[in-house]
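This report concerns only the one structure given below.
Naming follows writing order (A, B and C), and every chain is counted from residue 1.
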């Protein structure tokens, strides 16, 4: 235990430096490896899931709410980007701002869901994501969203630039988590998660805390969705609102360990890596293996890989 | 068209009551979200198909067989998985993930074993041609499934309110810890509830080829969301609530198909959210649980 | 035809031999393909892939494909990945095939959704995409030469025999009104919109009901009751296999009779639908006649009957993969690939493009005549309109009834 305020400050600075270095290392690695490995789309998908897992971490790891419909913000971001680019012909970076805006608007609309708890919240968010999908994919709205016929954004197609923007978004998400891990605000969020009544009594504003975490989490997903639309440039609404995006992000997060910085990173690199390797080599039994892995994970390591260390009191970055 | 839609909706909705009944039981007793519920339904349908195409067994007999087998199978599945799950910090959320994994496994095994093509049962087994109810033409199969569903609701209600095991189950539903403290074998009660739950899913699956046209290994996912909407609108823990939930869902769906057909799929989602936000205890509830 | 090709090939080899620095012939031609073994699109993807594999195996058993660019037969190596019906996975895998495996020829997965992600990837990497059955009209633009649709016509022109028939023989039989019920997705929605346009253009038959329903719709009872209340002469239901199964069953259940009822898959995947719906519910239903039920006279490759026999030998009935239109598409794509290899100047992607387009209006296979528009859309191989007519006690015959030059029977229009 630190004896003086100075020691505590030094410890904090050491932690922040460590966490930030890890974040920087990941971003630099994903940037550099692009020069060596030419299946760039796979790398892009890695970056997407790395960022989404962290975004989910912000809401689940720090407030205990698990939005099963997290993909709703992703899709909202993708369509926010697509709509302004298609109809207003703005440059792609402005489109990214629209993506962020769309996700934030959706998050504000869905704020009342935060009144619900646990499984109700998870399912309601899934229903919300589906509802947004049904609206976007409806042929009656074909003139605006192109309905079920899919979006084609060939004008702004820029695979290299959009990849680097994705890296920037990943850096942003990682830094958010570093901040939450090491700040008073992050601690207050964890207090709310563990026991909201006591936290309230200790003077923490429960509603404000949850709302900020929710908005930040949605923002990350919206930005990722926007850069996805930019990078892939052709997609159907089913792809943008595919529930398996939420599910993968959730599984990666839980496998690694929520509330930490490195947990989701480990989860994505290991599980998504396995997914791509097995998926290419032995796809037949793939779905079964993945399902079994998830079952074993929940039964034996419910707090993720990092719990092997945190159980022993070791702080994992 | 309006009356027709409403009548069809009531009868069709009763099928979804059957679909949601098991899910209601499991969630009420264990606070576990069984995301594999739709897949157990699919297994029931596959069982009926296989029993018919290999042995010519009529689906109504298959339904009985499915009930027995699934209840018995539910017990070991419960013991294997749930007690450990309930010991963790955030069991509700983790149950979502766990049963999702189970769902993937069931889907994978079925796809590998049988391939992805649609399977069904010949319509003549439950009667061809319409049954005319209050001037509306309805498939005979709907009447059978509505009857089965009503019987199932009645049986579950009788189980919960008239049998000893059922009373114990209701005790566990109110508070698991207190029930444990009074000496109730909570695990056994829950295991039986789980078995009944998947048996109900299986029976719904037997009727699926007639109500939904065909069965595919990946049909479970879509069924789940609708099932949740149905049980939430009704009240958790109350089988009569699921009856109401199913009917409301059925009627609204048919009305949507008549007047706003391309928006029909938006309905269960909006219904779910609306009820959760406005009246979370469901339409019949006296605050059984705070959402 | 084969001997002409062989002669051309030999001539090409001689000409090539007399040119300067000749690149060494590769030891195998790498063809990349994706398939979906599970998920929503598995039932249309596996037959295509299995049929293409059948073609590859047959060619390799013969010593390999004739490759004009190197003047000899070279065996084919098929590199295939499973995308499990996920577009995100498919996108990564297409990229893998192009950037890591460096395939010489790229074959798309089945259907518009799984093909859609390949279109920009192929264009970006300048790799020609053999689009098997992705009929989305947006794929084919004048600024993208790296795509051609192989085996079924683009959705905006495919259904025109239906409206032509109704305006012609239908009108003569007194058909005046039509109801169109479609599933809202790129494949069927585009066809429905095209049909509506054709009817409005021809002015002979009036569209009195035009509704879209989600593609996951699995019960049509109320929809059918609503349509019946308007009393149309003709009803067209445009959906995927699951929709058709539910529709036909519900139609039979309802006891409603219409003079003309059309569904896409009743004919296109006749065996599949028959297993799930039964003969009586399908009698007198109109549908497309896929190449798997029609005896085109091919100039290249096997006839439909020969192919069906080869298919049954390799994939015996009951093995879980259905023979139908999609199997034909897969084999037919193989034939185009074979012709391309046999006529392309080199394996450079633009030479491949030229070789593919050179076959337009010339290539006649068991799928009909291959006709490409300038932007790569298939405008040939249009399936004739057919009807499922009773043949004996418990069997159905798919009879082509329109256009007259392709018909082998007469339509039975109800009273």
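Keep this in mind: a residue touches a chain if its C-beta (ideal position, glycine included) is under 8 Å from a C-beta of that chain, and two chains touch if they have at least 3 such contacts.
What you see is a predicted model, and the numbers here were worked out from it, not measured in a lab.
Colleague: Please state whether B-C or A-C has more C-beta contact pairs across its interface.
Modeller: B-C
Colleague: Looking at C-alpha means, what's the farthest chain from chain A?
Modeller: The most distant chain relative to chain A turns out to be C.
Colleague: Report the inter-chain centroid distance for chain A and chain B in whole angstrom, where each centroid is the mean of the CA atoms.
Modeller: 32
Colleague: Please compute the C-alpha centroid of chain A, do the same for chain C, then give the distance between them in whole Å.
Modeller: The mean C-alpha positions of chain A and chain C differ by 39 Å.
Colleague: Note the residues in chain A that touch 2 or more other chains, in rising order.
Modeller: Counting only residues that touch two or more other chains, chain A contributes 134, 138-139, 284, 286-287.
Colleague: Which residues does chain C have that touch at least 2 chains other than itself?
Modeller: In chain C, residues 37-38, 184, 212, 214 touch at least two other chains, as defined above.
Colleague: Among the residues of chain B, which are close enough to touch at least two other chains?
Modeller: Where chain B meets two or more other chains at a single residue, that happens at 107-108, 111, 262, 265.
Colleague: Which residues of chain B touch chain C once you look at their complex with the stated criterion?
Modeller: 1, 4-5, 8-9, 12, 107-108, 111, 114-120, 122-124, 128-130, 136-142, 210-214, 216-218, 222, 254, 257-258, 261-262, 264-265
Colleague: So in the complex, which bits of chain C are touching chain B?
Modeller: 37-40, 42-43, 46, 184, 211-214, 216-219, 221-223, 225-226, 229, 241-242, 245-247, 249-250, 252-256, 272, 275-278, 280-281, 320-322
Colleague: Going by the contact rule set out above, which residues of chain A touch chain B in the complex?
Modeller: Those residues of chain A that touch chain B are 64, 66, 68, 112-113, 115-120, 122-124, 126-128, 130-131, 134-135, 138-140, 243, 247, 250-251, 254, 284-288, 290-295, 297-299, 302-303.
Colleague: Could you list, by residue number, the parts of chain A that touch chain C in their complex?
Modeller: 38-42, 45, 134, 137-139, 147-150, 152, 154, 157, 159, 232-236, 238-239, 242, 244-245, 276, 279-280, 283-284, 286-287
Colleague: Mind pulling up the chain C residues that touch chain A in the complex?
Modeller: 37-38, 81-82, 84, 86-89, 91-96, 99-100, 113, 116-117, 119-121, 124, 136, 138, 184-186, 189-190, 212, 214-215
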